[in-house]
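Here's the structure, in structure tokens; my notes come after.
Chain naming follows the written order as A, B, C and D, and within any one chain the residues start at number 1.
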Amino acid sequence: MIALLSVLCVLGVGGLLAVLLCRWPRLSGAVGAWSAILACAVGFVVSARLLLAGATTDWQAPWLPQVGGALHMAADPLSALFLAALFLVCGLSALYGLRYMDHGRGGLRAGLAWLWYDLLVASMALVILSRNALLFLVAWEVMAIVSFFLVTHEDERQDSRLAGRIYLIATHLGTVFVFIFMLYMARETGSLEFDAWRNVGSGLSPLAGGWLFVCLVVGFGTKAGFVPLHIWLPEAHPAAPSHVSAVMSGIMIKTGIYAILRLLPCLGFPPLWWGWCLVVIGIGSGVLGVLFALAQHDVKRLLAYHSVENIGIIALGLGVGLIGVSLNMPLVAVLGFAGGLLHVVNHALFKSLLFLGAGAVARATGTRETDRLGGLLKRMPGTGAAFLVGAAAISGLPPLNGFVSEFMIYWGSFAGVNTGPGVAAVPLMLGIAGLALIGGLAAACFAKLFGIVFLGEPRTAEARDARESPPAMFLPMAILAACCFGIGLGAPFAFQVLRPVLAGVIPLPQLSLTFEAIAGADAFLAVSSVAFLALVLVLTVAAFRRLHLSRKNEGSTVTWDCGYAKPSARMQYTASSFAQPLVGLFSTVLRSRRKFRMPAGLFPSESSLETETRDVFRDRLFTPAFKGVDRWLSFLKWLQSGRVQLYVLYIVITLLALLVWALKVQA
Amino acid sequence: MSWIDTVMILLVLTDLAMLGSSRLGVYVRLAALQGVLVGVLPLLVGPGRIGLETAFVVFTTIAVKSVLFPWLMSRIMRGFEARREKEPYVGYTASLFLGVVALGVALWVSRHLPTEETGVHPYMMPAALFSIFAGLVLIVSRRKAVTQVLGYLVMENGIYVAGIVLVPDSPLFVELGVLLDLVVGVFLMGIMIFHIHREFDHIDTDQLATLSDWKPAPAPAVSEEARP
Amino acid sequence: MKAIGLIHYVLALALAPLLLGTINRVKALFAGRHGPPLFQVYFDLGKLLRKGAVYSRTTTWVFRSGPVVALAATALALGMIPMAGQAAPLAFTGDVFVAVYLLGLARFFTVLAALDTGSAFEGMGASREVQFSALAEPALLVGLVALGRLTHSLSLSPAYAGVGPELWSAGGVSLALLAVAFFVVLLAENARIPFDDPNTHLELTMIHEVMVLDHGGPDFALITYGASLKLWLFASLLAGLIIPVRQGPEWLDTAAALGGVFVVGCAVGMVESCMARLRLLRVPQILFAALVFSALAFLLQMR
Amino acid sequence: MTWALVLVPAVLGLQSFVTRSNTWRRVLLVAGAIGHFVMTAMAWRNLPAPAWGGWLELDAAGLLFLSITSVLFLAAACYAAGYLSREKASESDLEEGLLFTNQPEAVFTGCLLMFLAAMTLVCLSRHLGLLWVAIEGTTLCSAPLIYFHRHHRSLEAAWKYLMICSVGIALALLGNFFLAVAFSSGGRSASLALSSLTQAGVTPQLVWLKLAFVFLLVGYGTKMGLAPMHTWLPDAHSEAPSVVSALLSGALLNCAFLGILRVWQVLVAAGHADFARPLLVGFGLLSMAVAAVFILGQTDYKRMLAYSSVEHMGILALGVGLGGAAVFGALLHAVNHSLTKAMLFMAAGGILAAYRTKTCSGVKGLARAMPVTGALWIAGFFAITGTPPFGVFVSKFIILRQAFLGGHVWIGVAALVILAVVFVGLALIVLRMAQGEAPEGAGTGALRDVAWTVIPPAVLGVAVLALGLWLPTWLEGVLQQAAHSFGGGL
């Protein structure tokens, strides 16, 4: 634990130094980045060892005792899991940012950016470590503020200012629910210590428990990005620098999931409807997230919507687990939670990988518009390969990690469907169908993204002149890609690691038996061996092909153009046209806007088609609501009309009212 | 009918007269009269023999309320062409009616008070409360700044009477402190009215309504969020 | 894993092209023609393998890896499909999902290879492919899971072993619904009429064929063989349902199963000969109908 | 010593009325502030002896509010010295561009020091009558300060301030009379000395007590800025020079609050506090709600700050009404709010001096044009909205927690919701001002950080930050004592 504390301190000091040294941009950048890298390296080692050992450490120091606060930090397997992912991703992103940031302007703002980055890492770690409500809230809010500053790093751009405001307001409104939850728990127990909240659940009335659950889901779901609370996400993540987007999307939104996992057990034995609720949220977030992603052109915006989708998958897993718990089906519970937890890690890996790749592309070409790119695989082979791995992984394809976690959820739901009663079977079957749909759509979306951006011919000059990014930026992506393969091939090991975490999360007896049963089913072993087989098979077929072709002559020509003499790069299929069938199919939800200029005249010259898909929930739900409230409230402004006579009249009226109250009502 | 009751009834009548009249000059004279009325009260209610202290208080009070202030007011109003309160927010008859209502309220309140303190002089408490309310009505219903100051004075008189009823033996320095505050306050108001007159060359408070948050179409704060 | 399973697997690998041949033959008969020989597909494969390869300058290694990955993944998935109620060589808990996602992997790389050529035709085909498969996948999975609940098993092999006359008598309706759903999915996934026309020659109307326009020679051989394996896979899934001959002597079961597969082939042929191709806009509705059938098959057990 | 606290600033004030040179006046101002600060600091070591027969005595609560006043005044004095050196005798009006002259500096400095003396008297006085005189005195000293810029808007503001507060205070006087009656025994009305009112064994008559509290609440509440009697506040704060606004908001409102607290102390001692709790809670929530309404879409950033003061006065009233730990929280909140709000007003003064406009839309790219001021502005925003790690968060948290603990869950929820609305309103305004491209001419001329507008608020900001991270024991002790005398405490 001392090591973790020192990690936090190093982060803080490094950030401050980065600001103080901002006179010398290179130096300050190096200090900011390397402090983060080193701290994360140490932190990763420590938390990984904790996780593998399944150990728990605890540390306390007095702090604001008058309020009931305390510097109480602890790392149990659950924390260790999140910490490991956190430090891995943040360290790699910092390494990436070291080169990524230097093309931005140096000086004070760059130094500040590093300060915020280091503080973001530290505060996220603190959120995961803290065991005291006050400490948790402080860390939580600091995390929000710091990430807000990172989102508005380029605040000379109107859209990033707007994104920052939306993010800040959304996260604050979410925090209100968190406050309600914390304060109510504090009221029930008279303490702000999480440990004291353990056994509250039995004392809660079902109604109170339900409300608390709602507060939990809304409050932390806002940070996690459950639909429809996700609206800040597609604005904020693209606005931030890419390595920050990687951290925000890969880790920060997971702190919401962590908090739910940490605090849900305090509410006692879950009723069935909680599971239903999470499953429905999961399917909704997953499907809507991927649908909105399909309709986007901006690479980072698309990725941000995929974060919503993956959060949906995680929520689905947790929901399956909850159903398993509430109906006392340990197999379902274990597999559901295991899938959700593993997907947290997986998403952290491949989503940060994808954001880093997107950043590399943006840096090389100066644009994030899918339809202005193309043919980048030839120009940036390393980045392209890594991005392909990420794309396949996020689509949940074997032999990569995304598949393993989805397989766990599938298996759990399948088991529940087979053995459980209808109340359990129906939502679980819904989950399976939803997960299948999500998988198919995600594959479609990433085929589109990778195909349009990296394959084919470059559509613009920027794309043609793109250069591979420096090794310092490529290395992190490579490592992340390797991790994706590692988990994809090592499913049994992954489950082995998850055991202690699950034991802490699931309130059911004799879990070890279930663990044995699962291990005995050999499914994970089979999955990883199938993965290996797939690799082997691919290699053999490829070898056969190469061997075979080596004896044949290999010609090269242009792509089959149906006989048309002058094909040009602009004739390629675009992202919009690729996604059009699906977007059209779901147009009732997406409500894309199309601006189409028909070609006119005998010799039609130019015509144009623009599509834009704005967030339906923002446009149709939140904006009208806010406007309505604002209009309604501003009716009250006549109170301050400026006439001193009226002001005195208010006093008189108040006085008379209180006189009546004092002489009649009270007496 | 004792002296006190007479004084009280006079007090009420002056209040009503102020509510009903429109001339600033009348206001000032009535205010001066009230000053005398409330000034002499301590002599009437106090214990049989008048102490030096009481005499001093009475003297200063009358000096301030019925000499100093009227002089100040007329001094301010010198050079104002407008000598009458024109179109007040509440008409004269209406404000008379309001006055009657205020009288009712005053009686209602004082009936709910435990009577052993006020029992000695049954009219004093209602009269005091009434002139407080009357002062407030004047402030609320009139336009001219001068009138409002006078309303404030009327209110103060009411409070002074209440003080005599409730705390016959309040320490001297408090009385003087109160009086001092009153003097300074009214002086400041006078200076302000002077400036108001200089700024707008009239003493209506209509022009004193520029600072406000009430705009017919306030710009919604969130609307920018809506725009892409 | 039992030897019989391996034998079935080898049989599948060997006979898959024959199934394609059967379909073409049936279609020819319906058209009143004599039609190509049953083993035409084998001849084609041989000829393609003998050819050299020509690649577009636009393409990268992704284009070349497309057919390879597709074939490998499909072959692996085929290894999990039981036949004649015998355990498949790869049988384990949850193999359903692995199989389906392996097919997804194959599709993913086929699509990428198509997009790698940078041609509008291939892009068009790819976009249709992903749309339809995204809708077909839930139908297939829900159906298979419903079957799993019917037979109380978490793996394909025991599930199909459990499909027998008594199950037909117990939950016949569900099974029938599942059979319909599977048939629809089969047609969609294997680019058959009424979803796609395997031997049209107008790029604009094609789905699967247009994606592989630029592949030639050995690569195209791999693709064709992979396609036939995929067809066999779905056919045997369906056959395992509709031909519930179990617990006879193993050679009899096997024969019945093979017969079933070819019966399915004939059915496909008949449908192709007596149905017209659907408008692309209607395809999603049919696939959704398949999903509804699977869901019904599941809900019928919720009593 | 006790006398010195009052008399030193008073004498210096009179002195600065008569002296000739302006520089000498500024010296007097700063010297008075420092002297007052030093004396207050010494009072922390050992409380000065009561004077004037115990009518002037420094108890825990008095010491607390006196220290707030003293610290703020010191910061304000340093700020004002720089401010006056920059302010020309006559300049053109910001809104309408018509020329106006400032008050003579003699009046400004003199009133400032007298203002300090009056506020000190409020903190010291243990006699309710004297307290009343002192509070009215603060009104009279501060009215000319508001009218420092002699143009019609500041005149209007000062007039409203004087009129409304005088009316309110007059009602408070009546309340004092009722209080005396309530405690009178055998026809002889009681002395209003706090010591005699709070001594054990006196049994007041409830009706009079209620009336007294109602009148005093309305009266001092007007001065404190509780809705709906708050109406003078935004005008005065927006039109007065920023340094004066800082003092009004940070120190004056607290003095009025102390007035209410003294009465509350009497009620608590008499064991009749409970009937008044709903009043305080109601006024608290109402003030917060009204402030929230007017902060949303506010177009003048000084008015915005003023309304935020209304909101925080509401929080104070809420805290006292809730009782228990919330009283402690409210007192701590008074400290935090004063420091933060003064910091914000001083930063606003810097912005006003640089951008020459009070409209929010007229200010853009603050963080780039004036980095330090921008940082202060943003930090102040986060601090005032009770975001950790600033002190306001801690005190707010204590109050809310007490609300939940006391079983008033819905009060707590309502407060949280209102606070969220306030946050949204402030965020929209402050961020729009702070972010974006710097206007041309940034870093040159008026558009740059000036030491005297930056250092005093920065110091205050650091203090607020420190209070958020750690609550020193000496402060806690005094807070506890004070809270106990007001029937609360942790």
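The rule is simple: a contact is a pair of C-beta atoms (placed from the backbone, for glycine too) under 8 Å apart; a residue touches a chain by one contact, two chains touch by 3 or more.
Keep in mind the model is a prediction, meaning the values are calculated, not measured.
Among the remaining chains, none touches subunit A as well as subunit C. Chain A has the C-alpha centroid lying closest to the overall centroid of all protein C-alpha atoms shown. The pair of chains sharing the greatest count of C-beta contacts is A-C. Taking each chain's centre as the mean of its C-alpha atoms, subunit C lies 79 Å from subunit D. Between the CA-based centres of subunit B and subunit C the separation comes to 97 Å, rounded to the whole angstrom.
As a whole-number value, the distance joining the C-alpha centres of subunit A and subunit B reads 67 Å.
Centre to centre, using the average C-alpha position, subunit B and subunit D are separated by 29 Å. Multi-chain contact residues of subunit A, defined as those touching 2 or more other chains: 165, 630, 634, 637, 639-640, 644, 646, 648, 659, 663, 667. For subunit B, residues that reach two or more other chains under the stated contact definition are 112, 136, 139, 148, 205, 208-211, 213, 218, 220-222, 224-225.
The residues of subunit C never reach two or more other chains; the list is empty.
Inter-chain contacts, as defined above, occur between A-B, A-C, A-D, B-D.
On the subunit B side of its complex with subunit A, the touching residues are 89, 105, 109, 112, 136, 139-142, 148, 205, 208-215, 218, 220-226, 228.
For subunit B in complex with subunit D, the touching residues are 112-114, 116-117, 132, 136, 139, 145, 148, 152, 155-156, 159, 162-163, 166-171, 173-174, 177-178, 180-181, 184-185, 188-189, 192, 195-196, 199-200, 205, 207-211, 213, 218-222, 224-225. Those residues of subunit A lying in contact with subunit D across their complex are 63-64, 66-68, 108, 134, 137-138, 141-142, 145, 152, 155-156, 161, 164-165, 168-169, 172-173, 176, 179-180, 183-184, 186-187, 190, 630, 633-634, 636-637, 639-640, 644, 646-648, 650-651, 653-655, 658-659, 661-663, 666-667. Contacts from subunit D toward subunit B in the complex involve residues 127, 129-130, 132-133, 136-137, 139-140, 143-144, 147, 150, 152-153, 155-160, 162-163, 166-167, 170, 173-174, 177-178, 180-181, 184, 187-189, 191-192, 205, 207-208, 211, 234-235, 238-239, 294, 296-299, 303, 425, 428-429.
Residues of subunit A touching subunit C in their complex: 374-375, 377-378, 388, 392, 395-398, 403, 406-407, 410-411, 414-415, 417-418, 422, 425-426, 429, 432-434, 436-437, 439-441, 443-444, 447-448, 450-452, 455-457, 521-523, 526-527, 530, 533-534, 537-538, 540-542, 545, 548-549, 552-562, 567, 569, 571-573, 577-582, 585.
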